[in-house]
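Below, each structure is written out as structure tokens.
After this come two complexes, each holding subunit A, first together with subunit B and then together with subunit C.
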Partner chain A sequence: MSATEAVPTTDERERRPGPGGPAAGGGFAVLAERLALPTAWLAVIVIYSATTPDTFLRWSNVSNILGSQAVLLMLALAALMPSLVGDFDLSLGGIMGLTATVIAKLNIQHGVDIVTAGVAGMLVALVAGALNGLFVVVCDTNALIVTLGMGSVFTGVIFWLTENNTLIGIDPALSQWTFTTGLATIPLEFFYGVGVMLLIWYVTSFTPLGLRALFVGQSREVARLSGIRVARIRIGGFILGGFIAGLAGVLFLGTTGSADPTATAPYLLPAYAAVFLGATSIKPGRFNAIGTGVAVYFLATGVNGLQLLGAKNYVQQLFYGAALVAAVVLSRQLRRR
Partner chain B sequence: MGSLTKRVRSTRRLTLCAITASVVVLSSACTTTASDSSGAADSSDRGFLSAEDFATLQDNVKKATARPSFVAPGPPFDASAAKGKKVFVIPTASQLRQCDQIAKDVVALSQKVGMTGTYFQNSGGPAGWIPGMQQAVSQHYDAIVLVCGIDPNLMTPQVKAATQAGIAVIDSGLGDTSDGAKSDPLVTAQTNIPNAQSIRRAMDVAILDHRKEPFTAFLITSNEVPSSVVMEKAIRDEFARYCPKCVLKSTNVAVPDWGTKIQPAVSSALVSDPDIKVVVPIYDGMSAPTAAAIRASGRTDLKMYGCYGGTPEYILQMPKGYPMATNIGPSHLWRAYAVVDQMLRVLTGAGAVPADKAQDPERLFTMDNYQEVTSVPNDGFGAEFPAAYEKLWGLS
Partner chain C sequence: MRFGSFCALKDVDFRVERGEIVGLLGENGCGKSTLVKVLAGVNVPDEGGSLWLSGRQVPLPLLPGQFRDLGLSFVHQDLGLARTLTVAENLVFAETASAKSRRTINWRREVRRIEHLLGSYRVNVDPQAPINQLPPVGQALVAIVRAAEELKAYRERADVPQSILFLDEPTVFLPENEVEFLFDLVRTIVREGASAVFISHDLGAVRALCDRAVVLRDGELVGEAAIDAVTDRELIDMIVGSASGKLVGRAHRPAGGTGPAAATMCEVDGLRGGRVRGVDLAVRSAEIVGIAGLLGSGAEDIPYLCFGSRRSDSGVLTVGGRRLRLPRMRPFDAVRAGVALVPADRRRDGIAPTLTVAENTTILVNERYTRFGRLQARRLGDLVQRLLEKFDVRPRRPDARLGELSGGNQQRVVLAKWLEIDPRLLLLHEPTQGVDIAARAEIYRLVREAAAGGMATLWVSSDFEELATVCDRVLVMADGVVRAELTGDEVREDAISAAVYYYSTTAASVLSDPGGHE
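Then we have the complex of A and B:
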């Protein structure tokens, strides 16, 4: 199964020639579909502002929502990379954890300065992504199975390096560069995430590379017949996914100041939830960076409001799951119109 | 002219006397205050605490922060009868640093008395423990040690299979010493630990630090871990006793979600209730994401209390800006000695120590004594207990 099979395929209206783009061609319904998620986000904000007026719109809470989800945003963007070209990578949580572990191990236990340790960690992330690309694309095997296996391998390496223990005491400079320093009290890591999101959005929307990736994601055969080097694009997706997952590991390490060998794996499912939810918006039927970012913060806002209202944790789980299912079903129905 | 000079001199003397008298009065007042603080604190210093409660809490904290001394858990016995036997050691989750180290220490100590020890690495939960239980049964071990409160009821068939095969199952940290002497019938013997008492001492520090006026505390629990439930109850009891007007709010975060859910939950709590003065992650393994949320709030007055675990790596972060005010827990080596002592008593027929008897102490670390984690041997617990145990076992 490829990633494109799991979500609606390209909206026909997107491909219509002529000025004005899809909105001009599809009219109000298309615009409504594009803006459904941002509108839902806005609705959630309005509802929570009304129900918890003293706290929800307070700047400290806005800062909390934006800052506390930066790691998830980065990992969701990592998951977006292979998804864009029609692949899955279930090892991204492992790559994120492996990067954090390598950096922590070098810095805490071997006294390597944080910058050198960070570079080493990111190199490991690149190699991990490249290995995924090698096994899936070059060896022509199922991405789900291979990356699931590689995720287990990375987790095993994490346990081996940490001896199953949490590594504590990372150089505080990393926390300063990512989490404890902020702009308008919003941690810097939020802006790093937004920067990566905008970069992906630009490349996928306005460059030939982005167009080629889109073709590969929609139909590998058509892309191949069009002269696009499909294998190279797909491997690139895995490598970039690994690299951005490594960045998520760096942010995680800066945020918590420690490397817990089991803490990063649970990020994977919410990250993919955001990627799929994002594919129902902005460019419906297509994985896209802005949609992914909006999805991350739609979910975060929903959960935050529930927390402020004193809801139990299981209600948050219900919200996460229901939002994802509703969005995908709704998108599917809209596409069938 | 002469009378004018006299009047001036008289006025100067009067002024001098008045100043001197004022200084004496102020000095005596200061002396009185100092005297009071060395004895019974005045009511402004005690805040909402009564004089008796204030003294009790101070005494509790003083005793809990002091270096513990060894108390023999039972009569001496000959451990050499266990020589040649095999023990299989399963920690509750290998990624929990203290639990993992206790398990490894149990293996090392078993080898010291001539036994064969096997450490079983796992990631926690029945899925992690059951393969270990089956391995121990199939390979005919003599004892299985479950470390850090593994609930035997979560793998009843495997525990029954082990005991029916004649394997002694020793569960370390299964219950709390405050539970009484009742033991779980599934296991051969257990060593309970004073979790409730420990977390009470950490709360005593929180109450003393914030005694000016009743405050709100925010607890983070993991209710699927039995000791978490015990400790939450103890916290509520301690607040009900010493600060009934304090407000306790809480959130429950499952262990696998610590990395992803604690930080946003604490952040939201701090936003929704700026009156929160104390944050209580029950375990020190929860402290990293909690500290991240506290830092993100920008509030420098907020500290973490509770933090059960006694993990030296966390304690050593306290002077480096880590917002942890207390950490309380055992020495992994002492706990391992206590578990091995219980195991050896069972294997040699000396008779198990009752479950309600505290077998190893826990120590409270604050900013006043954190440095003893490194300056005093065995993470601040001293060098006395290893020799004392080995003497008890007839090894020296």
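Then we have the complex of A and C:
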């Protein structure tokens, strides 16, 4: 199963009848679709600014939205990697938690300095991603099933390592490098996330490697018959996904200052929600980095405003789910026309 | 049965008697499958045809599924079985689906019953085995048993006076020595009171099974005869047409070394894999070599084996002086060696429909258009524009999604993409399938032009007119080996066709000179 199947926009495009060629749809419809999500984001901002002007627009709230979502942004970018090449990785939340746990365990319980512990943690993330690639691509199995299993394995290891306790007392230097230091009061980790996003955007949009990955993701058999080494690119997707999920784990550790064995798992579904939501925008029908970033912050802004208006915690789940379903359904309807 | 005019059928008058097995013979595109599709209710015939069953006229067109009420049952080439389900599940499902049964299924009893049922047809397969774990002949037998049970159910209904089994080329993928199992089963079914129509282009099979042969050509009935009263040569003449003469091609001689001065560009030695059982061939620089053969002859496997997209068991490909061991070769190696493949299944293998024309056209060469690793958008844009002009792709919109273009334009893009790497060897499989006539002529011209630059071309097609039009030389394959080679003025449609049917017939081994066979 490829991840693209989950995005209804891709195959719908080819069925769209094109009398007089694809231009018949009109440039406006295309542009409207591309910019639907950023426009919705803008609309949300305007509405909240009007309803709660003194809290929502305050700089502390803005920097809070930007900073607090850096971990999610990073994990969404991790989820983007296998998605780009047509795969799925449901173990990324597990890899993120495992990385945080390994670093915390080494640093707190074994007194390893934070840099060495960090490198060790990232190596674990790379190995975890490579294992996914090995099982899914080399052994030719269903990515959804295998990574679901691997995610459970990683979670089991997390509980084993932490003995079910939250590991507290991480080297404050890590928090300084990620969360407590800010640029214009926005935590540094936000800029790390944006940096990774821009890097992915550049590589996917402007390099031959990015185009090859695109072919693998959209038409695997055609890619293979065009002499593209499909297996390598897919394994690369899993390894990079694991690596970036590891980075998300580092940011998580820096943000919370502790490794809570239960705290990372709930990040996975919002991350995928952002990836799919992002695929309906900017470059509709394609998974793309900018769309993913916009989606993360659209969702965060929406939830933040509702909370300021007095909504309870469950509103986050409601909003994320509803926004994703609405976006996917709408973009499909738009094409049916 | 009587038929009037159909799109692909003109005044086909065709009877089936009770308890008779009729062989329906003809070339590709002669109207065999149209006939079947009309009866299955898939195709709608033109006005004016009529269908008589057991003396009663049935109004045309037939509705889909109406064939059940008419006592017809079909076994298509793909068999139509659920491949991951077991034999028993497939057979039980067929019964319950038609009977609209609501009762729950007692599987232990059903499996015992199916075992008994298979035994009564003397079919030896395990009812609990999944279909995809059976050998091909076992799968075919299960499909036919299922059809036989359908026919039996028809006969039990008072309102259906006839039961006719249609077998649409069921033997193509079966090993020759196992075909007899299938024939035995068909004979058993007919003894029980059904009739059968056996559609094939294998004379040997028709002769072994059928009582009477009916031959279609160009949608017309060109002959029928009791099978004992007609020779193979007479049947071939009916299938291929009057002009065929006795020209069936010279026995295969090793290519290369015998022809004009041009250097050999590409050589295939000892190729085995898929249905190919040992092929050697050579293509000279600038030469277009056609490969003709019926489905199952191995011709359709050659391009994929030579490209490394399907694993071969043995064989060496030499391209422009480079030796590549085929069992270890991947498409990646093929492309690097300058081998290009235009596959038959364009929508699945040829184009990325969701990506743009520009992306599809330049995927093989975009690495040449980079600066410090970054794609040079302007130079790439110029290239795409030039290619769209040269290959006359319409609309000339590089950012259109390729899936939205017509089949002909899609194929132009596929050709543009491959010819841009200046391949040494171009492998084409049914390159004009689903392509309009204008694009077809254009494809011939473009390949010829590229070939003139020194490229070697292997062109596999079931369209013999096409091969006659574009090829310098045509190899005829049957049973996984090259049986004949047509050169010079032998490269004509009728000659190719005659050679293909001649060598595909089991009886050919008796008629032909011994030199032509392994």
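Criterion: the second predicted complex is superposed on the first by the 316 of 337 C-alpha atoms of A that agree within 3 Å, B and C clash if a C-alpha of one lies under 4 Å from a C-alpha of the other, contacts with A are read in each partner's own complex, and residues count from 1 in each chain.
Operating definition for what follows: a contact is a pair of C-beta atoms (placed from the backbone, for glycine too) under 8 Å apart; a residue touches a chain by one contact, two chains touch by 3 or more.
In this text, all values refer to a predicted model and were calculated from it rather than measured experimentally.
Judged by the touch definition given at the top, the superposed model places A:261 against subunit B, while subunit C stays out of reach. When the two complexes are overlaid on their common chain A, residue A:221 makes contact with subunit C while staying clear of subunit B. When subunit B and subunit C are set side by side, the one touching more residues of subunit A is B. Once the two complexes are overlaid on the shared chain, A:206 sits against subunit C while remaining clear of subunit B. Touch criterion met: A:64 reaches subunit B, while subunit C stays clear of it.
Subunit B contributes residues 94-95, 97, 100, 121, 123, 251-254, 256-261, 263-265, 267-272, 285, 288-289, 291-293, 295-298, 311, 313-314, 316-317, 320-322 to its touches with subunit A in the complex.
Interface residues of subunit A, counted against subunit C in their complex, comprise 10-11, 13-14, 16, 18, 21-23, 206-208, 211-212, 214-215, 218-219, 221-229, 285-286. Interface of subunit A with subunit B (complex): residues 52, 55, 58, 60-61, 63-64, 67-69, 72, 159, 162-166, 168-169, 172, 175, 179-180, 185, 187, 252, 255-258, 260-264, 266-267, 270, 300, 303-304, 307-308, 312-313. For subunit C in complex with subunit A, the touching residues are 307, 309, 330-332, 334-336, 341, 343, 348-355, 359, 363-364, 366-367, 370, 373-375, 394-395, 397, 400-401, 403-405, 417.
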